[in-house]
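So that we are looking at the same thing, I have put the structure below in structure tokens.
Chain naming follows the written order as A, B, C, D, E, F, G and H, and within any one chain the residues start at number 1.
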Amino acid sequence: MNEDTIRELLQAIQDGALTPEKALQQLKKLPYENLEFARIDHHRSLRSGLSEVIYCRGKSVEQLKGIVTQMLNAQGNVLGTHLLQDQYLGLKEALPENHQYNNTSKTLVIQQKDTSSKAGIVLVASAGTSDIPVAEEAAVTARFFGSQTQTLFDVGVAGIHRLFDKMDVLHKARVVIVVAGMDGALPSVVGGLVDKPVIAVPTSVGYGAAFGGVSALLAMLNSCSPGLATMNIDNGFGAGCLAHKINLLGEISDPQ
Amino acid sequence: MNEDTIRELLQAIQDGALTPEKALQQLKKLPYENLEFARIDHHRSLRSGLSEVIYCRGKSVEQLKGIVTQMLNAQGNVLGTHLLQDQYLGLKEALPENHQYNNTSKTLVIQQKDTSSKAGIVLVASAGTSDIPVAEEAAVTARFFGSQTQTLFDVGVAGIHRLFDKMDVLHKARVVIVVAGMDGALPSVVGGLVDKPVIAVPTSVGYGAAFGGVSALLAMLNSCSPGLATMNIDNGFGAGCLAHKINLLGEISDPQ
Amino acid sequence: MNEDTIRELLQAIQDGALTPEKALQQLKKLPYENLEFARIDHHRSLRSGLSEVIYCRGKSVEQLKGIVTQMLNAQGNVLGTHLLQDQYLGLKEALPENHQYNNTSKTLVIQQKDTSSKAGIVLVASAGTSDIPVAEEAAVTARFFGSQTQTLFDVGVAGIHRLFDKMDVLHKARVVIVVAGMDGALPSVVGGLVDKPVIAVPTSVGYGAAFGGVSALLAMLNSCSPGLATMNIDNGFGAGCLAHKINLLGEISDPQ
Amino acid sequence: MNEDTIRELLQAIQDGALTPEKALQQLKKLPYENLEFARIDHHRSLRSGLSEVIYCRGKSVEQLKGIVTQMLNAQGNVLGTHLLQDQYLGLKEALPENHQYNNTSKTLVIQQKDTSSKAGIVLVASAGTSDIPVAEEAAVTARFFGSQTQTLFDVGVAGIHRLFDKMDVLHKARVVIVVAGMDGALPSVVGGLVDKPVIAVPTSVGYGAAFGGVSALLAMLNSCSPGLATMNIDNGFGAGCLAHKINLLGEISDPQ
Amino acid sequence: MNEDTIRELLQAIQDGALTPEKALQQLKKLPYENLEFARIDHHRSLRSGLSEVIYCRGKSVEQLKGIVTQMLNAQGNVLGTHLLQDQYLGLKEALPENHQYNNTSKTLVIQQKDTSSKAGIVLVASAGTSDIPVAEEAAVTARFFGSQTQTLFDVGVAGIHRLFDKMDVLHKARVVIVVAGMDGALPSVVGGLVDKPVIAVPTSVGYGAAFGGVSALLAMLNSCSPGLATMNIDNGFGAGCLAHKINLLGEISDPQ
Amino acid sequence: MNEDTIRELLQAIQDGALTPEKALQQLKKLPYENLEFARIDHHRSLRSGLSEVIYCRGKSVEQLKGIVTQMLNAQGNVLGTHLLQDQYLGLKEALPENHQYNNTSKTLVIQQKDTSSKAGIVLVASAGTSDIPVAEEAAVTARFFGSQTQTLFDVGVAGIHRLFDKMDVLHKARVVIVVAGMDGALPSVVGGLVDKPVIAVPTSVGYGAAFGGVSALLAMLNSCSPGLATMNIDNGFGAGCLAHKINLLGEISDPQ
Amino acid sequence: MNEDTIRELLQAIQDGALTPEKALQQLKKLPYENLEFARIDHHRSLRSGLSEVIYCRGKSVEQLKGIVTQMLNAQGNVLGTHLLQDQYLGLKEALPENHQYNNTSKTLVIQQKDTSSKAGIVLVASAGTSDIPVAEEAAVTARFFGSQTQTLFDVGVAGIHRLFDKMDVLHKARVVIVVAGMDGALPSVVGGLVDKPVIAVPTSVGYGAAFGGVSALLAMLNSCSPGLATMNIDNGFGAGCLAHKINLLGEISDPQ
Amino acid sequence: MNEDTIRELLQAIQDGALTPEKALQQLKKLPYENLEFARIDHHRSLRSGLSEVIYCRGKSVEQLKGIVTQMLNAQGNVLGTHLLQDQYLGLKEALPENHQYNNTSKTLVIQQKDTSSKAGIVLVASAGTSDIPVAEEAAVTARFFGSQTQTLFDVGVAGIHRLFDKMDVLHKARVVIVVAGMDGALPSVVGGLVDKPVIAVPTSVGYGAAFGGVSALLAMLNSCSPGLATMNIDNGFGAGCLAHKINLLGEISDPQ
């Protein structure tokens, strides 16, 4: 047992059988596998709230029940993503009453500990109505971790005036997530209008040469607005995580 | 000789050696290759002015001299595209004085017959300054065939107000060509602002995941503005051709 | 309220509290977000008829009922695309009697206001019988907006004489839409035969290295006939929109 | 003239020829093109400092001289990216003495106005030595806009202990930019170690199936560490922009 | 009526109302569309037997019944490809007794006229057992048009001795079709062993980076054995067509 | 009959009808097809144990019964891969009692002859829980052929400490198989930690720009850890084969 | 020595030391590596004339001299492909006088033995003038091996009448090679016009989305004319090889 | 200073100021960044000999001189890969006399300490002569680390008998590296012939649809011979590394 090895080493110092200097030399030679104590600080990830998430796709109802129960005991709060309605219906009875299932974003939220912070607003904008599920996943995720969120749907560039009508909303946000499929043009336009970090999420909305979201993804990676943070296709969850991390940085400073 | 064959056949009818019915049967049996007269109406393509063009890339100065001379004799007007400056300098002495070489678009124009029409304005807009060579090729091409042209450069979506400042220019045009690289977002925005045909030309401007223009091309094919006419990457010439064809349709009707 | 802000400003002029010049200066400084009135002219898009369309894929029958009802009230005419037969059967009872459902193109048309114009003919040609659904979508769309249409199916290049037998039909059209899958060769041939704008629509017809229409799409983008207007794969709707826009330009001028 | 139109309208109110209400109705109907005053707030982009940048690739020395001179007059500070040494040598004599040319990142910096802020540290880590030019571009960019930066080169995952030796550096940063080519694995590891926003920049370093950086790009988009902000291939500039925007959000709040 | 137009023209010569020369001038002006008689020789394609084929995928039983009946009347022989068993069962009662349905290759053959020729043997070899459906389609097709066929299945390069045991079979064939998925290596080996034309057919057999047959397709296009005739993925029908065309060329000459 | 041909030749020597030299000359001229005896040593592949495997996907229960029965008679041991549960349930009654079906890896093992060797340990590590089916297939395969195996699941790089906690397990293995989807980063890290051969298996786990495993595949091919042995996407079976082949080489030498 | 081993075996029969039956058993056991005599019939490949070819790209002049000299001694005839003019000028002095260098197709032919056959005509058609180098390579290759060839250049589908004027040439050929870049449409048209084998060669002519010939390649693989034999991009040599192989099959039978 | 921290801790135990148990608790809480001693065992990688390599591409002569000098001092042996002849000529004077530069594989070897082991033979086979540079890089690499190597060039599958003539060489090897471009078929054939680990290296040899080695890479990943270890395109170095690692495993056990 590794811990025991170290304990014996330390005991030998106390016993006078080993000088501290020699013990140090031995510690230095220990390979990683014996350093059971050399763990990454788990509290760190708990603090940022980004770890308690279940990716539900492909898991059976029984598996989900087990994981959810264990998580509730361990940390009180649970976020499940990609939870199909059928899975949810099977799982429902095992959930505490105050759970929230969002059938659009396919997310499950159980929030028994308060994570709400004084952090600013994460605005989630989407180009078309078909992009809403991904946009909702981003919003639910950011909210779960403690951000305030606001949404602005169906403001795609083919009717760009719909966006301009909402410039005040854009400017109040501390981080903006822009979700778009097809030509993926909306984040470029938003990136030119605001000076806050913009996170671009391509969706698989579209057909033919949209290639399941590749079209939108490439547009975002090649945006003429410098510094867009691009996510994987349909990855609303990742966008929510990043937005919250950024939001936290400004938590105290931004009076607004 | 095919023509002679037919002539003999017809003569035989006149001579009474053949009934019309039997001649008809023989005509029916003629394979395509003997129907020298069954040509496509060449005057048609001349009329639209789309045929007298030299693609100069990869041709030697000597080859170019030969082709230009022959074309000048045949039709008076010449458009050369993709003519590098070095090729041009070698070719220059052999050209009539009134030629115009455009070193940005790499085009050569010799216009000895007037092709100007009463057709409306073809507006050529470009997203960035690096897109100008392709935009210029489109404008030169449309003008060569007889359209009026106007240009609007550097109005990309990262600074969308630059476009809105020129809405009057947009609305005066009968056809709009929009040239953009990188995210290829500009045509989608323009397509949502005007009700005239919009031709989208992706350029190879960009790097990395721009993939030599693929990013912009896909964005245009997947535009959320319905009905964009998309061209091949860097194909300003094709855009000019199409714009002029469309422009001609409205030649008489549009009083403006 | 923004409108109120402006109203007060104008009132102040009337009241003599503000000179027109000073009011002008204040108006200039208003950011976009306060310009609620600065909308794009909606009448423009209504005039071209390109906005009243429902993309039905993925929508529930209930959602469709709501949208159709709202549209009928607002504008009288409705075009629904990608409406599967099952969706239609659920929706049917809620539709006015004079609706037309096309099971080949999966389109629904309700036309309570006359949009027919004196515009010329949009010819829709298809290479194979499997391309007909996309071709029909293009034709239905152009007709819905007010164009006359004509169709020419199964005239692919493997039996090119079938096309040549119909040259008169080709030449009567003001715009030609050419729909083809597999090798996507037909638009190139048509583009060499007519001097009118040609719109090329690749379809996902084919297998193996057709890659869901990529083969045909690339062929069209790289056509040796200059100036083809290429659409996204299977995008008959976009082709119909563009064809109608072009057609309108020639509405008055073309006696034919 | 648009401005005149508005002025006349306002004058008519003053003159009593028009009620404010009627003037308001007319204003609402004005299309965009008449709203010359409806400009986006330019000061906004100046404030974030992200606009005064010259992309030098492909520009002649003469062009560069012109642009630099104009920028120095307008704003005092200049950042040039992708400036090849040959371009720089031609340009050098026209530059003020206090310019800095970085031959690794191919950047030119002229900083005549102080932009330094109290913002935290942007850490730029790179996987291999070949990734340093892109990493340097990111660092120079963030510094130019006012961030503090620190660098950590050659800490790729094939010798992961090199990274662990520098955990303290990682944890002091407010934003981490991770630059990697080939397998693009480093950002995933870093993303699992820190709770700050991580920006991932793929480089074109590698050969064969690295496909000019596509391999690294895909790895980053698909990272098992949720919420990486991915940039285009070799886009150190974009990463620097985003990092600075994020850094600014925490400017006041982070005592550290 | 076009034919009538010509007839009248010819009659006018007979009547002396028109000189042959003038009639010739008029004929020259006739556009394609009036040359109803200028058809491609249909008998040519019938002679090679390559035209009477039904691609059954996606057709309803009713449609298939109609087409089969019409074909039987017109030409006596029918080949249907990609006919799923369910389609076949619905169609069965409408078929003549002597039809043959092959459930492996999904082909239907009705041969009421003898097409057997003295042409040599088309050998169809396949690499694995999963490639057999495509190989069978090739064999059925070649046989339908009149070739003799022989098959050699499961002789892939991972057990190359299986092929060498059958060298006599390889050498007796006049044309060899080689069907392979996965690495697509077999055609290269066969192409190095025989001096007869080799037709390579990639199949979609494989998974992961086989990309639905792309792996095998590329291997065949890049074969180190010069002169392989490559077909589309899974295109056994095309291979059968080509093999038979080649086979016919040697019909008389090859005593064997 | 080939064997007879040789026999007659040899008999002729015995009979004095042919000198050995002349017989040798004749033997040299024999083409491959007559060398029925020139078979590859089948015992070789049996010895390595890599040949008795059934790829079950797409085979009917009846086909599977036949193949399994034949294999059991011939060699006693059977490995079936990609055997879906439904196939297994149909097949079950025909199997000997001592069979083992693994519903995670979809493998069937019947081991009637002992193949266990003194070969070292093949360690199979997986990045995420979704990669376990592929990892299990690799482990089952290596074990079937006679290797000892150990598994280490869910040690992906986003929580790299989980791997470091198990360094002793890593170092005890003679070959390490690393299975990962998404960013495919784990094999690079492992390759930097151990000096034993590392086999990398990308999985199709992931979505969007994971492109069914391409992302992980490219990361592995471009690993910054030199000398990774990369397999096809999801090819756990291949990894097990290779690991066992490598393991066998060290069978005697490694005391451990 | 292997041959000696066999010789001893045979001698032992003659000596009565071994029965033929026992010798046969020993022969059967010989592994491949001892069967030095079991070579593939080299005369076969010489007979078809497809082996004496030098791929010159990347070879030094000295290397080329060595290879050419050796080949001339061995077989009299030499075909060199991809021989750049600079390589040729260095090589020239070492060549026999009767060599032919074709600067368009970059081929070198030295024909000291007559290979001309009575085989029919291989027709090589090309779509554009830029496709001629590849077309010429195909023609030179087929001629080198003994075929008659004819060429038909610049008959692309954008001016399809140019092809129809030459139908007699098309029909006289026994095999047709069709070379095309860009949209790759010509082979489909030719395949619909003739009943002889058609070989399609895509070229890298084009730009943008031509992707170096991929566009043309896909069009040919997906041709609506069944049974096209498709070659690799720019592979005129392969087309010439295949055409000659096919042509030979019809050598005697085709009186023409 | 971290080391000091630990030292103080240990001293405190000796001093009786801290119990061993409490010290252990404190050690456990130390984050990674303080564990300066927790390094990966560097001797491990030195022992396998895989670390002392310089990738020379893109490095200046001065940089190379510095690195080589430092490495010679540190470890005595140096392997440089991708060293162009020009770089070498500049570097030459700074090298010890016993260096070896291989102009085919572009490798530099300086071997001042003996690494030769009793490990078995690594056989490197290549399909074509153009694949030799990559094959040589593999052989040089394996030899540098201490393996014996043997080479077998130009044994591609188009003349498969060349391989069979060398079966004895194949069977003597303990590991086989197979290098091939174009169709990448050779590794599949070799994998079916030997029961030793086979490492497949695709090369960028080929043109057109070879796509710079993708064709060969895919063929190898999809090999019908199970368990090929595939490397990146042109990665001879990686293959040499892996082969040597595998070879070492069998070092003692294999008497041969």
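To be clear about the criterion, a residue touches a chain if its C-beta (ideal position, glycine included) is under 8 Å from a C-beta of that chain, and two chains touch if they have at least 3 such contacts.
Computed from a predicted model, the values in this text were never measured in an experiment.
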Most remote chain, CA-based centroid, reference being subunit B: F
Pair exhibiting more inter-chain C-beta contacts, E-H or B-D: E-H
Approximate Å spacing (C-alpha centroids) for the pair subunit A, subunit C: 39
Subunit B and subunit F, separation of their C-alpha mean positions in angstrom: 59
Sequence positions of subunit D contacting 2 or more other chains: 31-32, 35-36, 38, 40, 159-160, 192-193, 208-210, 214, 217, 221-222, 226, 232-233
Touch relationships between chains, expressed as pairs: A-B, A-C, A-D, A-F, A-H, B-C, B-D, B-E, B-G, C-D, C-E, C-G, D-F, D-H, E-F, E-G, E-H, F-G, F-H, G-H
Footprint of subunit H on subunit A - complex, ascending: 3, 6-7, 10-11, 13-14, 16, 19-21, 23-24, 27-28, 30-32, 35, 37-41
List of subunit B residues in touch with subunit A within their complex: 127-128, 156-160, 182-185, 188-189, 191-193, 206, 208-211, 214-216, 218-226
Residues of subunit G touching subunit B in the complex: 130, 159-161, 164-171, 207-210
Contacting residues of subunit C [partner subunit B, same complex]: 40, 44-45, 47-48, 50, 53, 174-175, 192-197, 199, 217, 221-222, 226-233, 237-242, 245-247, 249-254
Of subunit A, residues touching subunit F in the complex: 31-36, 38-40, 58, 202, 204, 212-214, 217, 232-235
